[in-house]
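To keep things simple, chains are lettered A, B, C and D as they appear, and every chain counts its residues starting from 1.
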Amino acid sequence: MTPSSPRETLITTIAGLLDGVRHVAVGASSPIPAAGAMLLRAMSEVAGAPPVRISILGSVRHNFFTNGSVELFDCAGQGRIDAFFLSGGQIDGQGNVNLVGVGDYPQTKVRWPGSFGAAYLYFVVPRVILFREDHTPRIFVDKVDFISAPGTSPEGVYRSGGPYALLTGLGLFDFDAARPGFRLRSIHPGHDLTEITDATGFAFAHDAAPAATPPPDAATLALLRGRVLDELSETYPDFAAQLQRETSEDA
Amino acid sequence: MPATTDIPSLARLIEPGMQIALPVDYAGVSMAMTHALITHGAGNLDLVCVPTGGLQADMLIGAGLVRSVETSAMTLGEAGGAPCFNRAVKEGGIVLKDATCPAIHAGLTAAQKGAPFSAMRGLIGTDVLRHRPDWRVIDNPFGAGGDPVVLIPAIQPDVAIFHATMADRAGNVWIGRRRELATMAYAARRTIVTVERVVEDDLFETETMAAGTLPALYVDAIGIAPNGAWPYGLWGGYPADTAELSRYAAAARTTEGFAAYLADTGAAAS
Amino acid sequence: MPATTDIPSLARLIEPGMQIALPVDYAGVSMAMTHALITHGAGNLDLVCVPTGGLQADMLIGAGLVRSVETSAMTLGEAGGAPCFNRAVKEGGIVLKDATCPAIHAGLTAAQKGAPFSAMRGLIGTDVLRHRPDWRVIDNPFGAGGDPVVLIPAIQPDVAIFHATMADRAGNVWIGRRRELATMAYAARRTIVTVERVVEDDLFETETMAAGTLPALYVDAIGIAPNGAWPYGLWGGYPADTAELSRYAAAARTTEGFAAYLADTGAAAS
Amino acid sequence: MTPSSPRETLITTIAGLLDGVRHVAVGASSPIPAAGAMLLRAMSEVAGAPPVRISILGSVRHNFFTNGSVELFDCAGQGRIDAFFLSGGQIDGQGNVNLVGVGDYPQTKVRWPGSFGAAYLYFVVPRVILFREDHTPRIFVDKVDFISAPGTSPEGVYRSGGPYALLTGLGLFDFDAARPGFRLRSIHPGHDLTEITDATGFAFAHDAAPAATPPPDAATLALLRGRVLDELSETYPDFAAQLQRETSEDA
């Protein structure tokens, strides 16, 4: 077997972050989070652990909702969704997420699609994983230009959810709501602390010598390249093919 | 519900200044209506995307028919951002009512129930809320003080437009589990539906079919448009034509490219 | 969702003091659970009838298991009033939370949405409202002043119990167009369902069946109970046994008659 | 053909009260209102008038709702239900309806089923027809013991509906929301004003010599005893049989 690719490490890391969840929802165009969730489900099944439910929004095959697109939000409001993924055009050191644009709203210089369900889900899903593969100072800013969803809320504001971790192509951060702020948990293989510091526009806590993100072990890798890849290719055929190319013997 | 109507006549039901509800890309977008709406030319439309918008809204914006957009997002999905929308935002050409998905549903649900508003959690401390002076925040009257809750006013669109698999002769429409389509129809004053086909069987004949049926009571006009969601897919029917969506995304990057795309596909559509 | 559970074990999931949601007589009442609940004997129950109650609630009241009833009505339909309920009212034996149908739905819908309350029209000036100190009236914040609106707090039952046609092996339950059953399940912390039968086919296999399916996500336990709504009917299944309902109505006019009926049918049920 | 029975006159009167409605909802155990609505539908069809939609609650066959029992109320709130029927254990001269009980609530001496949807529908259905076949001073009281639904509302209260008429076994009354109060429109064949006055616990306006309620004409009667009876017997078999017995040649 070829060694694990960076994306396989991301997927494995996501599976770890999801450990213990019963129900995770994934956006329609989020193949890496979906792969992480599928890997967790496969691992749980192998281990005889309680089953993991995955809802892939917009997928006919992996969508077990029957009440239209409102059901995800209702379901989250009921406390039946344990984990969800959020990305962001900008994410700042307080865990605030901007999905709207750069510059002065409404006539932003750069316009992104919009806040989707973030302004709600960030409040009510206990384990929101911030995920953005690119890691640049333009994304990870000191202060977002528009708060689609705030990292924390003042006392007295109803909030049962929020940021749990931040995963990028360079490293994995935990979120500390009390401070509030991020703490670097581990650096992915092939990267170092200076690179992450340079690429991050906000200050974050870290050990003097942060740990390395562990790559998947052989059993996990086999599961990922076997069953999970098959499942993945049903919903994200292009991504699955790409993933396979990255790790094929001929690459 | 009368007999089916041709698509151009359906488009003529739209008057300038109307508020129009359109569904999310995967739920049954009546793309068949898009060219007809552009040809018809009723402008100053207020779009409500349920809960996000894409190709259809972008084309209506590109054609200059849109005054405001209430939406949680505007995107062509894998094909990228919505180019005409993005251009209009940069130029200040449309009024933005940025929302979040459950807030759009909450507004429609209030209209469905004949209630003046719906309460929802979340939103506190967001710039989404800050830029929505039409929303209200009250302290939860069931709480001990504090506990701010956002109230979303009812959204009662003038017209809801969507595409579905089939209708029967009585005007009942099968929507399956895409129940946001029902919510749109309940909330809207009038509902225009295009369908792949009209079936001879009564959709209320069996409980199995009735379970996924929007009653004719909520349907004001129906047109037949085979493949009518294209290049979007139809839930449980056919997949999206992602190549075509990418072709649009590339073309519409400039106003000239958008015009050319429109002329091109408009000619093919008529 | 685990494998199916026998009915007595389902009843044992109910603990004293729980709030239990039960459906309207025609929507799928799990009468199969009634005797098991009485045998199990967990009392001090707070019933929420969605939105009206009948035989099942009346029997639970007659058996002394009920502390309060929130309902829009309590009736045996053509067979007349609910005798044990009426007796308990006269004796002051239960706490009444008289409601009106859409208020019950509004409370459940709020819980479904994770919202603290729902707004509804009507009710102003009624004694229904006057006797519900747990409801609130506010001036519509979207109005120009005045315009009172009633707010109904979320109803989140501990358990919802109902009967349906079928479940699949994964625990998905087909409810067809009886969508109040879904609302109950969304709103409740736990949901117990009895079904006529368990089918081998996956209810999500086709969009036609999926349209009428309550996902297993909302279903905590399932029992098999053929004819399990009897003497009520099952929507789209079998009709009500009106003779049996009348027999009950006559018997339960006295406490002795009720006890005899219970002994009689309880023996038959076990 | 035998002459029309009192119930046939009631049914025909109801069809007249519903004239012009597009959608009428009827309770599951309201055969006379249902028959009136079915008669109107049949008459409209014969006359080539716009179709009349009837929703019979709780009926599988005549129920065109697909969103559970909430849909009736939602539908009414949307303004899509033009007419509805209400009965009452007590109905007073202000149009107030009591469906709950006699005496001091909650420990009422007599308990009726409860308010059902009346506390909402009375506010939002434009043409609510109060219908009670029995006509006694115990039912038609000066002041109800419990207001399930008020006849009128103060200015500033949102209200698009309310009482339109009161039909009993003795006569037909119009409701005047401005006064508020009832005015006797007509007396059914075989009854007189004194009888109605004696049987009514509230004061009502009336002409010196009130009109007689017209019985169905021959064409209407034929429709009622033919097609409408057939339709009726699907949903209310016992009532249909009774109605037929009342008017059969052998009776």
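Assume contacts are C-beta pairs under 8 Å (C-beta built on N, C-alpha and C of every residue); 3 or more make two chains touch, one makes a residue touch a chain.
Since this is a predicted model, take the numbers as computed values, not measurements.
Shared contact partners of subunit C and subunit D comprise B. Graph distance from subunit A to subunit D, where chains that touch are one step apart, equals 2.
When the C-beta contacts at B-D and at A-B are tallied, the pair with the greater total is A-B. In terms of their C-alpha centroids, the spacing between subunit A and subunit C amounts to 40 Å. Subunit A and subunit B have Cα centroids lying 29 Å from one another.
Here the CA centre of subunit B is 36 Å from the CA centre of subunit C. Shared interface positions of subunit A, defined as residues touching 2 or more other chains, are 60, 65-67, 73-74, 77, 124, 158. With touch defined as above, residues shared between interfaces to two or more other chains in subunit C number as follows: 102, 109, 113-116, 120-121, 147, 149, 177, 182, 207, 210-213, 235-236.
If each chain is drawn as a node and touching chains are joined, the picture fits none of the line, ring, star or complete shapes. Remark: the chains found to touch one another pair up as A-B, A-C, B-C, B-D, C-D. Contact residues on subunit C toward subunit A in their complex (touch as defined above): 111-116, 172, 182, 186-187, 204, 207, 210-218. Residues of subunit A that touch subunit C in their complex: 23, 53, 60, 64-67, 73-80, 124, 158. In the complex of the two chains, the subunit C residues touching subunit D come out as 24-27, 50-52, 71-75, 77-78, 81-82, 85-86, 89-92, 96, 98-103, 105, 109, 120-129, 131, 146-149, 177-183, 235-236.
Contact residues on subunit C toward subunit B in their complex (touch as defined above): 102, 106, 109-110, 113-121, 136, 138, 140-143, 147, 149, 151, 153, 175-177, 207-213, 235-236. Across the interface of their complex, subunit C is touched by residues 28-29, 58, 60, 65-70, 72-74, 77, 99-101, 105-109, 111-124, 146-150, 153-154, 156-158 of subunit D.
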